[in-house]
Amino acid sequence: MATVRLLSDAELSAEAAEVFADIRAVRGTDYINNFWRALAHDPVTLRATWERLKVVMAPGALDPLVKEMIYVAVSTANGCSYCIHSHTAAAKAKGMTPEMQGEMLAVIGMAMQTNGLVTGLQVPVDEVFEA
Amino acid sequence: MATVRLLSDAELSAEAAEVFADIRAVRGTDYINNFWRALAHDPVTLRATWERLKVVMAPGALDPLVKEMIYVAVSTANGCSYCIHSHTAAAKAKGMTPEMQGEMLAVIGMAMQTNGLVTGLQVPVDEVFEA
Amino acid sequence: MATVRLLSDAELSAEAAEVFADIRAVRGTDYINNFWRALAHDPVTLRATWERLKVVMAPGALDPLVKEMIYVAVSTANGCSYCIHSHTAAAKAKGMTPEMQGEMLAVIGMAMQTNGLVTGLQVPVDEVFEA
Amino acid sequence: MATVRLLSDAELSAEAAEVFADIRAVRGTDYINNFWRALAHDPVTLRATWERLKVVMAPGALDPLVKEMIYVAVSTANGCSYCIHSHTAAAKAKGMTPEMQGEMLAVIGMAMQTNGLVTGLQVPVDEVFEA
Amino acid sequence: MATVRLLSDAELSAEAAEVFADIRAVRGTDYINNFWRALAHDPVTLRATWERLKVVMAPGALDPLVKEMIYVAVSTANGCSYCIHSHTAAAKAKGMTPEMQGEMLAVIGMAMQTNGLVTGLQVPVDEVFEA
Amino acid sequence: MATVRLLSDAELSAEAAEVFADIRAVRGTDYINNFWRALAHDPVTLRATWERLKVVMAPGALDPLVKEMIYVAVSTANGCSYCIHSHTAAAKAKGMTPEMQGEMLAVIGMAMQTNGLVTGLQVPVDEVFEA
């Protein structure tokens, strides 16, 4: 169930088809996941999102696996089931072991817990933490 | 402003004082940040939180800097100002460079954006993402 | 799956039945959606919610379609799947075109992204923004 | 207090200075708000965010004031104080009257309330709401 | 700093003044807290919020102190600083001891933690939990 | 669908098996719900979570039913479907009547609503609310 239909390849606009072709080339697979098929109704946002994603998730000062785990952490705090599934799968594909997944989840749980305690206590920020 | 007073060392229960001593020993500094001074009203939760934090944030399959960045990511999605400040400071102390901070933030922003798009579109999870 | 059973018309209290009758009259349809059938266990909250909803969503300084899009925006940030579905459907019924839906989603995504960046950076509010 | 220093004009990289020049030209004011001064540490993200913002917030199928109110709605649900202040100010500059602000807030409050009720009840989505 | 000015008694509309009079009578104090002074710009929402609040927070199947703690719990998960402060103060006024506050916070922290773990793991709901 | 497989009893490590035995003994039932079967991949986090849960949810200054309702409140604000189902079931098992559930939900809805209004208005905290 979605708030738009998922578009098949035959239903794409020319611009959306171009983006799909690039996704396939960059990822080395013919499979296009549902997110892009839903987003394809709006080719401008489709292209902007894909182009920015390529830059943001590329190797840099942080390696791509670390980036995927940060992505999962944000998606978990926001409760985005789709994003948790897709980026956990991406992290596994990039080498996340069960031990690493377990530690990532333990940190997420710890952060959630202390977020709740600190917020409920309304603790003022220490001056030593200022930039 | 907080919902409890921050306790000074002189006001601690014996159990809370023991935990503070361990925090000082493990961290190699006399400084105790406000979170622990607020939590010290409840020595059982103080101890449980500190003991678990030591285990969760220790080096393991993930290095401590990666754990701090995951912590910041969750805290940002939850809007916990105190936690963002304290764990950004901790990440910097563990070697996070400005470039790494910039990439961490870019991933957080990207994840937030696609969390919003996916959720607004209510995209169903692809079967290929199942464990 | 729900935390209460959905009530059929035959199971309603007199007060809940009155509210259902008003929903049917106002909306010009016999169909009652699941939210009201779940809420009907508590007729006081059922009535208060429906009465307030009629006022809040009525034409005023803002037109009802704009109100539905604001509703979807909040529900998306909160991850409320039911509310996203029902208010997206309501927005479409009130004239939201695919182009408008695309732009609404793009704004939601943009806002989520900058919410994440600003919060991670902990940017202080400019004085010029004060009321 | 922020997790990075706000950069003055004298401290900008060449790429960040170009973006600031464009912000000034497009907005017709010399004032640059704190968000951009914090983001300027990462010129690539600065440029990408500004370029995308110009597209997303431009007049289209939705008018810019409606877009600002959707922005405020998301930022409120996410608790982003900076974004609420800056986009409420932007909405006022684009013509949001006190009556419109009052109705926007009433819708936000209504949506938050029913998000909570629906989520606590775990109401299943009606088939009639499917796209 | 707020997105509207706080109204003084002299600036109230007749309808808002009536609501303030009822707040003073019901609470037995002349003090009106900032929330109502901000909300007073929109007398219809002011009245609706106050009237509903009186019903919802009154003694019933749950006692008022339990209701205040549930209120704090929601406000903490949503990161609403104002609401945490005001309803923690209200809970203390209704008899919440430091021990009770400590246990409330421990439950909030525990719930936040398992919310994170369950969501990151995407655990399917057990059939035995269905209503 | 989950991001890890649910482990059967035959697949447990020795440490996880010990924890399952304690869950069964404490709860007086052979049934182990899915959360623990998912968490069992990481026996250290499994044990830490279970041991802390026993302490936090035990009778104390607050009775266990009140604690379950606080748990549901947090889980609702966070949109954690699994947690809402499991802790609503636990609350019912501990005596939550339909009337109590209705009042709990009404408070959750009220809190969500005023969280949205206060946050959208950016109301400053009254000094009288300080600890």
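Think of it as A, B, C, D, E and F in the order they're written, each chain with its own count starting at 1.
The definition used in the following text is that a residue touches a chain if its C-beta (ideal position, glycine included) is under 8 Å from a C-beta of that chain, and two chains touch if they have at least 3 such contacts.
As the structure is a computational prediction, the values presented were derived from the model and not from experiment.
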Number of steps on the shortest touching-chain route linking chain A and chain F: 1
Other chains in touch with both chain C and chain E: A, B, D, F
Interface with more contacting C-beta pairs, comparing A-B to A-E: A-B
Inter-chain centre distance, chain B versus chain F - centres from mean C-alpha coordinates, in Å: 21
Geometric centre distance via CA averages, chain C-chain A, whole Å: 26
Touching two or more other chains - residues of chain B: 1-4, 44-45, 49, 52, 74, 76-81, 84-85, 88, 102, 104-106, 108-117, 119-122, 125, 129-131
Chain A - residues contacting chain D, complex: 1-5, 44, 48, 52, 55, 125, 129-131
Touch list for chain A against partner chain E, complex: 72, 76-77, 79, 81, 84-85, 104-105, 108-117, 119-122
Chain F-touching residues of chain C, taken from the complex the two chains share: 1, 3-4, 41-42, 44-45, 49, 74, 78-80
Contact footprint of chain C on chain D as seen in their complex: 1-4, 6, 31, 33-35, 38-39, 45, 49, 52-53, 56-57, 60-62, 66-67, 69-71, 73-78, 80-83, 85-89, 97, 99-100, 102-104, 106-115, 117-126, 128-131
Chain B-facing residues of chain E, complex: 79, 84-85, 88, 98, 101-102, 105-106, 109, 116
